[in-house]
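The first chain written gets the first letter, and so on, giving A, B, C and D; residue counts start at 1 in each chain.
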Amino acid sequence: MTVRAVADSSVGRVDGMKTLAKSEFETLIDGLIDDDPRSVVGPQRRSGQYVFEELDSAADLALEYDLTALSPKKYLLPQYEQLLTYERTDGEYEMHAGTDTEGVIIVGVHPYDLAAIEHLDKVHIDTMGDEPYRKRREDSLLIGLTMQSVAPESFAASMGAATTDSGYDLLVTDIGDRFVVDIGSFEGNELLADLDTHSASHSEVQEVRRIEDDLRGRFERELQFPPEELPTLLAEHYDDMEFWESYAEQCLSCGSCNMVCPTCYCFQVETVRDLGGDSGYQQRSWDGCLLEEFASVAQGENFREEVAQRHRHRFMRKGLYVYERYGDVSCVGCGRCTRHCVADVADPTDVYNDLWEATNA
Amino acid sequence: MSETIDIESEYVTRVEGHGNIVVNVADGEVETCEWQVVESPRFFESMLVGRDWTEAHHVTARICAICSISHTTASLKATEAAMGVDLSAQDERLRKLALYAETLQSHVLHLGYLALPDLVGKQSVLPILDSHEAEVEAVVRLHRLGNDLTEAIAGRSVHAQRHLPGGFSKLPDEDELDALRTRLESAWSDVELVADLLVELSDELPDFERETEFISLTHPDEYAFYDGTLYSSDTGELDVEDYREIVDEVVVEQSTAKFTSHARESYMVGALARLNNNFEQLGPMAKAVADRFGLEPGSHNPYLNNVAQLVEIAHLIETSIVELDTLLDGGLDPQPDYHTPDVEVEAGTGIGAVEVPRGVLFHEYTYDEDGEITDANCVIPTNQNHANIQQDMEELVPTILDRPEDEIELTLEMLVRAYDPCISCSTHYLDVEFVDE
Amino acid sequence: MTERPRVAFFDFTGCEGDQLQVVNLEERLFDLVEVVEVVSFREAMSEHSDDYEIAFIEGSVVTAHDEERLAGIRENADVVVALGSCAAFGGINAIRNDQDFETVTERVYGDDADMIEANPEARPIESVVEVDATIPGCPIDREEFVQVVTGLIRGVEPTLPNHPVCVECKLEENECAFHRDEICLGPVTRGGCGADCVGEGTHCWGCRGMVDTPSEDAYTAVLEEHGLDAEEIVEQYQLYWGWQRPERATQEEAQ
Amino acid sequence: MLETTETVRSEYEPVQGRIAWIEQFTDQDKLYVISLPDDVELDHDPGQFVELFVPGVGEAPFSISSSPTKDGPLELCIRAVGNVTRALDSMEGGDPLGIRGPYGTGFDPEALAGDDLLFVAGGIGLAPLRSMINYALDRSGEFGDLTTLYGCKEPAEQLFPEELQRWDDSEEMAFYETVDQCPEDQTWEGREGVITELIPEAEFDPETTTALVCGPPVMYRFVIESLQEQGLADDHIYLSLERNMHCGRGLCGHCQINELYVCVDGPVFNYPEVRDKSEAEV
């Protein structure tokens, strides 16, 4: 039942593409809102920013968005989640894993967020096995969207995540008066069954390609070197504490960069007790390696006491540590950390380019 | 009958500290009879000096939690008056509703949690649960209703978050308001339950009268809470601008809270004062409740303040429903999230006068051209009632000397509590001590 | 801790909003008294006993009399919990700590200022007695209170969250105050409130006190970047931290 | 992995175990003997750990102190330092709690087969090593010479006193013990001084010996230096490390040392794996 996209020739990129009228797309989404038991969410405007939120109607979709506050990760690995409930009756404990694992239909996911989810899948399903994540993910549908606007903080093109050909059930590209839809999975194909679609013409496919090519040139920020060089570059600078301290001096240790990152998945677990005393639950919630106590143990030892160590850890984790474990550089270049860092020291392109210059100057 | 009585009650008061009842009777003669307020001063008026116009309401909310919305409201009105800021009709309505909701909460708390146990002869609301479960549940429901309505508008019931000079940072959710309207409608049966019980217990209220002056706001169009001119039952309408002369604050030996006086040695503010001054403007349900107790304008028994609160509870529910209807009719005018109302900062002085649960409250600030406070004055209803409590005690004590000591003690405590001088003073922890000489 | 510990509430100088938050548990207040035995709680009852295990203390210490009373409570209680920001670190009361005390009393009491007995500074209870646990907040969060109470019953020492408000603010997807050209104390304020004030459309005022190790220099730089001058920056810090911040500075110097 | 005969449980769902009995060693340290349901098998390697859940309080990782060579209930030696551990401290025989695991990479008896083993245990660090020590004693034929060095702060902090006595008496293993110092109100006939002082004294052949080390964070650097001075090659040193853990399963991130997750790649590491990582603090 896994709906993650696979490079399957039967739904291959070119001949799998369909076009449909924008109104047909709205019909699809409204139909899902009305009929599907799962909730349907998508990017919407909320005051000065965009957020993924439950949709009342397809008309509320803000497909022109550049970057949402949080990524759709929050539907697969929620900010707060009951991991385990317990209840005591007559001296015996009933302990049950959380059951709130229903999937979600996520509409309008940009390629960099799709890439982030692919990475999370690799960790949580393929490698370590996280049941709650797996259940939600397998029960979810991802309707991707080719970016229409580019956030000034974003550098997804540098990370190879401005466009994608995997990780979605459907991927929608606005070519003016119509959408071209690429089908990424069997479930995605099913969605289109009752709609009025046509096979995309050669010129329509060309138009999608042109939009994608054009998109890659629209990023204001970039990495000055290919991301494959990152792991080596970072490894070389592990002990360059002067460098890390220069950034850490301005860092608030606030953890915002961790919280907004679509590929961060660290968490903490704490007990929430009912007032009655005999029942409660273990709650898991997002945690961040920039926070002071992240690596401290009971008798006071803190293995990353200095801000500089924590700052280094974040960048190393994105560009080196995760790569060593999973073969992925785990930054997709969305730019959220840059946007949300009040002190303006979280921008990966700043840090990585500085390191690059230090090495190659 | 005891020839010698020495009552020294030490207890904590709110707003500005501790209060004691001291009664000393030797050979049947009253030697001392004092309502002492020996407080831990908070110095809010000084704390405000130098603070920014955007913070005054945040700081003054912390004068008292039970009426924090009230302080916030008076504070904002003072700032708005000083800077000439107008409030939209919608925002004014929301301000009123939040104030009504808090007053509802406060009255229910006072009546249900604090006064009721006296009348039932219990120490707290908990044991009453056994004998009067339905009534206590009604009290809790009404209390929660007040809090939920405040929360819906202010963000939080203790120390509002959305109130700002010139408006609100965020609008309430219309569905939530609608649901609250329904709950207000169905609150009548709860009010009835409480009223039935209070009628049944009304004989327990001491029968004591002393003529005094009642001061409150009054408004031509409505039973005044949010706005109005000052009115004295002795001298008629007064100008809010002259509030300093009216409240004529003095520091007295026995008290670190200021005492006030106007036409006579003391005056009373609060639910009973409002009811006496503005009775005709009460809603029909409220009047019906008043009728059940025979409460009419010109009631001079301070113990009836509790009954006046119940009448106001009924009025607040009625009037909140009307305000909600007006608000919801056609929907709220939208405003952006994280709204910061336009305020042009200018130097000036402004007064905010508001009727709050315990009576009329004044905040007055002077701002410099940077919008920083250079001078602040807050006159709190509890302080205005201190002198009246003192006068009541002086007249009451000689008439009850023939009673057992614990009864004198209870009667005096109940008097203090009747005024609801901020929750802490009116609770039961009034350790009245009798020492035989 | 016994099965159903005896609990007392006390108030010092403050607005009593924290005790009110306990009353505002509404129906759950009746659940609370099932799990603890409340022996003293002025806001709701007249019984009082000096025999208790847990003392919840609200408000700051402002007079010599406060100090004495507090010491007495400490002697009676096994566990002393500072309830709310005034008790925990001085809170709003400490705004005046940097004002000249004579001026302070004169402003409020005029010619009669000398009749007033009070300390020149408002202080938290930890400046007088040892404190076992702290529930900060102005007012406290009801749920946090429930967790502390149920924890104490289970022998759990309440741990104060030590992450800044920004963490929860991000989780709630609020729009950052700094993006709206407002000033926010969130980056150096102790979280645990759900960034509620930002969620309600304003910014963090600092009511839960500072995190253990605030990055003060970095934060001051941020404020300067947003156009505040030195005096305005101090004023931001003074709203709730009039006692806490100088105290922290002294402690740091001592180290 | 803890498997019941029922259907597969979520990894985060513990099974209910019960404290069979408790043995108190010091003011702070106790041995908890925990029985699991009949249909549950804990199939562990020495050096692995479990996540122990005290309902209403929380969960924490603890090394399995009993040897897999020994059937019967599971043994954990736990020091009361925080909430979970203090809650345990106030529990009694018969009390229920939750267990999941075993987790992590422990010592690999097969890889160690034939080696002389030198155990270096500081304080509560004896808890994880004890599993391997007893394994080696029970299967002494599989290994070469066995030596155990144990140090604690003061006599009153000694763990497993009876067992230590047996080791001391044992022909099969050399045993050396020290206390940092002996306060005046205690008696101690043995030696005083830090554990590193035992290393030059112990007789072992650096060529054929593998050292297994566990103790407080400050201990590692000194012990390693001392072992190196005795000529032990880096890859002949194994360390069991402690870190903050919230899941025990390579996800929560708290235990990370660079790319390593202590909970899955460790807690037992061959020294070269962590040698160049400054945050490993070894």
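One rule holds in what follows: a contact is a pair of C-beta atoms (placed from the backbone, for glycine too) under 8 Å apart; a residue touches a chain by one contact, two chains touch by 3 or more.
No experiment lies behind these values; they were computed from the predicted model shown.
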item	value
Most centrally placed chain - per-chain CA mean versus overall CA mean	C
Chain of greatest Cα-centre distance to chain C	D
Chain pair, most C-beta pairs within the contact cut-off	B-C
Separation of mean Cα positions, chain D and chain C [Å, integer]	42
Chain B and chain D: spacing of chain centres that average the CA atoms, whole Å	65
Inter-chain centre distance, chain A versus chain C - centres from mean C-alpha coordinates, in Å	37
Sequence positions of chain B contacting 2 or more other chains	337-338
Set of chain D residues in contact with two or more other chains	56-58, 82
Per-residue overlap in chain A, given as positions that touch at least 2 other chains	46-48, 271, 273, 277, 280
Chains that touch, pairwise	A-B, A-C, A-D, B-C, C-D
Complex contact set, residues of chain D against chain C	56-58, 82-83, 86-87, 90
Residues on chain A engaged by chain B in the complex (per definition of touch)	46-48
In the complex, chain C residues that touch chain B	11-18, 20-21, 23-24, 26-27, 30, 33, 40-48, 62-63, 65-66, 91-93, 95-96, 99, 103-105, 107-110, 112, 115-118, 138-139, 175, 180, 182, 196-197, 200-202, 205, 235, 239
Contacting residues of chain B [partner chain C, same complex]	12, 14, 17, 40-47, 49-52, 55, 58-59, 61-66, 68, 109, 113-114, 117, 123-126, 129, 140, 143-144, 147, 155-159, 161-162, 164, 168-170, 251, 253, 256, 337-340, 423-424, 427-431
Complex interface listing, chain C residues touching chain A	28, 31-32, 34-35, 146-147, 149-151, 153-154, 156, 162-164, 166-167, 169-171, 173, 175-176, 178-180, 186-188, 211-213, 215, 217-219, 221-222
